[in-house]
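Paired with subunit B in one complex and with subunit C in the other, subunit A is shared by the two complexes that follow.
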Partner chain A sequence: MTVEEQIRDIIAKITRVDKSIITRESTFKEIKADSLDIVQALVAVEETFGIEIPDEEAQKFQNFGDFVSYVENRVVQEEKV
Partner chain B sequence: MGGDYAPDEIVKGAVLAAQKDDVEIFLVGSTNILEKELAGYKFANGSSIHVVEASEVIKEDEPPIDVVRRKPNCSVVVAAKMVKSGAADALVSAGSSAAAAISAIQFIGMVDGVYRPAIVGSLGSFAPNTVMVDLGANVDCKPHQFLTFAIAGSVYAKKFLNITDPKIALLSTGSEENKGSEAVREAYSLLKNSGLNFIGNIEGNDVLSGKANVIVCDGFVGNVLLKFYENIGGYAKDWTERKLKKYPPLGALVKLLFNGLFPTTKISSETEKRGGGILWGVDGVVRIAHGASRAPNIANAIESAKEAVKAGVIESLKSELTKFNQGGKL
Partner chain C sequence: MSLGGKLALVTGSGRGIGRAIALKLASQGADIIVNFFRHRDSAEQTAKDIEALGVKAEVIRANVGDPAKIDEMFDMIGNKFGRLDIFINNAASGVGRPVMDIDVKAWEWTMDINARALLLCAQRVVKLMEGRGGKIVSISSLGSRFVLPNYTIVGVSKAALEALTRYLAIELAPLDICVNAVAASAVETEALKFYFKEGLVKDNRQVTPAGRMVIPEDVANIVAFLCSEEAFMIRGQTIVVDGGTSVGLFALAGK
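== the complex of A and B ==
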């Protein structure tokens, strides 16, 4: 399962939206994710991938794709270490 | 250890509850402050009331959502983790309701099929067989939440009001199916096909009529209505006294009526004792008390949390939800 698929599953489970509507361009508003959904998703993603996402980075995520790209990069970095 | 009158009134309320009932209480907060408060009572650390350290505090200007990532040692998070681990059976908080709800969701978790917790409360004296849900936990609701509200309200009505097959209604701006906000209209359709005893929409004028045993609405509407309802008695009394000022004997009668017979001040305490303020849908008993709670309110909240544990409300809710999950309705 790719990073993108795993994050999509996490967000779909938390927001209870059909994961097929979550594309890389989807904004959190379009996914109907409120601030608590987003925080829960951040915590779940951090636990799943063993990373920490600083608030200042999380605040830059404009859409699902930004979130996925950030985590993908971090996972690659972690693998290099 | 939050609340407008914390820590003194909270500690006093805990002592009242412990004196009255067979209950073991953990006060979670700054050990130094709590032990100093407790020293004035006959209960001490190690007896029926214990103190558990929580070193962080959520300040008034901090968003409650910060408890999840930035305040792992604040009292409500520590208490939620105690419920999750089984060290405590229930959590009672008079601090930020949002922080308590967020901690409950994140650290205790939700029962299967429920997205967010809801607050259910009995309307007490004027409508003794009616409960309303949600009373303020969810300001913006997705349609499927109304269905879980109805199920939670139904379990409440069965457990606390002994109603076998509660009649469920959706609060709207008209009785017709197409009335109300988009979420309410979608919720109508879900409730209609739910298999619950759904009687359709009711309007504000029927809230106290007893037509419905469970009135379902979003937390915005429910909270506004609850606070209006809890305070209307006091205003009615003031208005009547003003009108009858020129007839002193009648004024005395009004006082007698309102203070003794007419339950103006009892609505809140009845709601408090009958399972009110519980966050339904969390996988553990979480009881929210008003921020302005004084010691007797805290004691009532502790008592109602204990009653909820004894009544097995979580297991009942899970059992009801399982029926709907099996039918794929949630």
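== the complex of A and C ==
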């Protein structure tokens, strides 16, 4: 599974929305994710990928795509280290 | 009041009241373990400020709402230090919602972090305090006994925290472990200042007989006292730090 697919699964499980409505352009509001859902998604993603996402960074995510891109970059960096 | 040579763990001590407590205990000579969840930078800054006071600081990330993370944190403390003298249960989270909007997810999240964490941490803390005694202090709020707007789940979690404080105090008394809580009214933290600006919280100076808002240091001072030997005979209590707000309600209403 790609990073994007994994994150989509995590978010769909938390917000109980159908996976197919989550696109890169979807805002958290469109995915029906409230602030608690977002924190829970962050925690689950951190555990899945073994990374830490500071709140300062997470606050910059405008949509699902931003979240995915951030994690993709971090995962690539981790692999280089 | 000296805490020289003591080791203290303060949950959620990167910022706010937890940070003030960590600095206060450090200023009295205790080495501090700074626990955080989402803000590593703040935690590292707090650790630096603690070290500047001439004591040691250690930073540990752990979500105290997750039993596995609590275990990891205490395994690490056990392996590295093999002891603990002071445990401050300060970390809290919650969702501000009216009663009718509370769902299972919000309830569990809040209760797990605010109330269950004390239970699970205390069970691990006792092993590190065995044979040496110790202090456990939790941070509560007036919302445990008074109704604050949209504060429902946090208020309920704080009521559980205070009740658990009483049970722990009695069960751990034979081990010379003193267990208490400190309940504050609205405390002027960075987070609260933000809520002021957004109009989510009202300035409560007018309803505080003491004439000013409670500041983090007011809470930290009482926590430090409860961690001192002078407070040895205080057990299972929740000490209110509110500048008189709660007992002055009727007098103020008549104004």
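Heads up, the rule we're going with is that the second predicted complex is superposed on the first by the 81 of 81 C-alpha atoms of A that agree within 3 Å, B and C clash if a C-alpha of one lies under 4 Å from a C-alpha of the other, contacts with A are read in each partner's own complex, and residues count from 1 in each chain.
Here is the rule we go by: a residue touches a chain if its C-beta (ideal position, glycine included) is under 8 Å from a C-beta of that chain, and two chains touch if they have at least 3 such contacts.
These numbers come from a predicted model, not from an experiment.
Colleague: Counting only touches as set out at the top, which of subunit B and subunit C does A:79 meet: first, second, both, neither?
Modeller: Neither partner.
Colleague: Once the structures are superposed on A, label A:32 by its partner contacts, choosing first (subunit B), second (subunit C), both or neither.
Modeller: The answer is first: A:32 touches subunit B but not subunit C.
Colleague: Please work out whether A:43 is in contact with subunit B alone, subunit C alone, both, or neither, and reply first, second, both or neither.
Modeller: Once the two structures are laid over each other on A, A:43 reaches both partners.
Colleague: Give one of first, second, both or neither to describe whether A:56 is in contact with subunit B, with subunit C, with both, or with none.
Modeller: second
Colleague: Once the shared chain is lined up, is A:18 touching subunit B (first), subunit C (second), both, or neither of them?
Modeller: A:18 sits against neither subunit B nor subunit C.
Colleague: Overlap the subunit B and subunit C contact sets on subunit A and report the shared residues.
Modeller: 34-36, 39-40, 42-43, 55
Colleague: Sort out for me which residues of subunit B touch subunit A in the complex.
Modeller: 65, 68-69, 102, 105-106, 115, 140, 142, 144
Colleague: Mind pulling up the subunit A residues that touch subunit B in the complex?
Modeller: Residues 16, 32, 34-36, 39-40, 42-43, 55.
Colleague: Note which residues of subunit A are touching subunit C in the complex, please.
Modeller: Residue list for subunit A touching subunit C: 34-37, 39-40, 42-43, 52, 54-56.
Colleague: For the complex, which residues does subunit C have touching subunit A?
Modeller: Touching subunit A from subunit C are residues 38-41, 61, 63, 66, 95, 105-106, 109.
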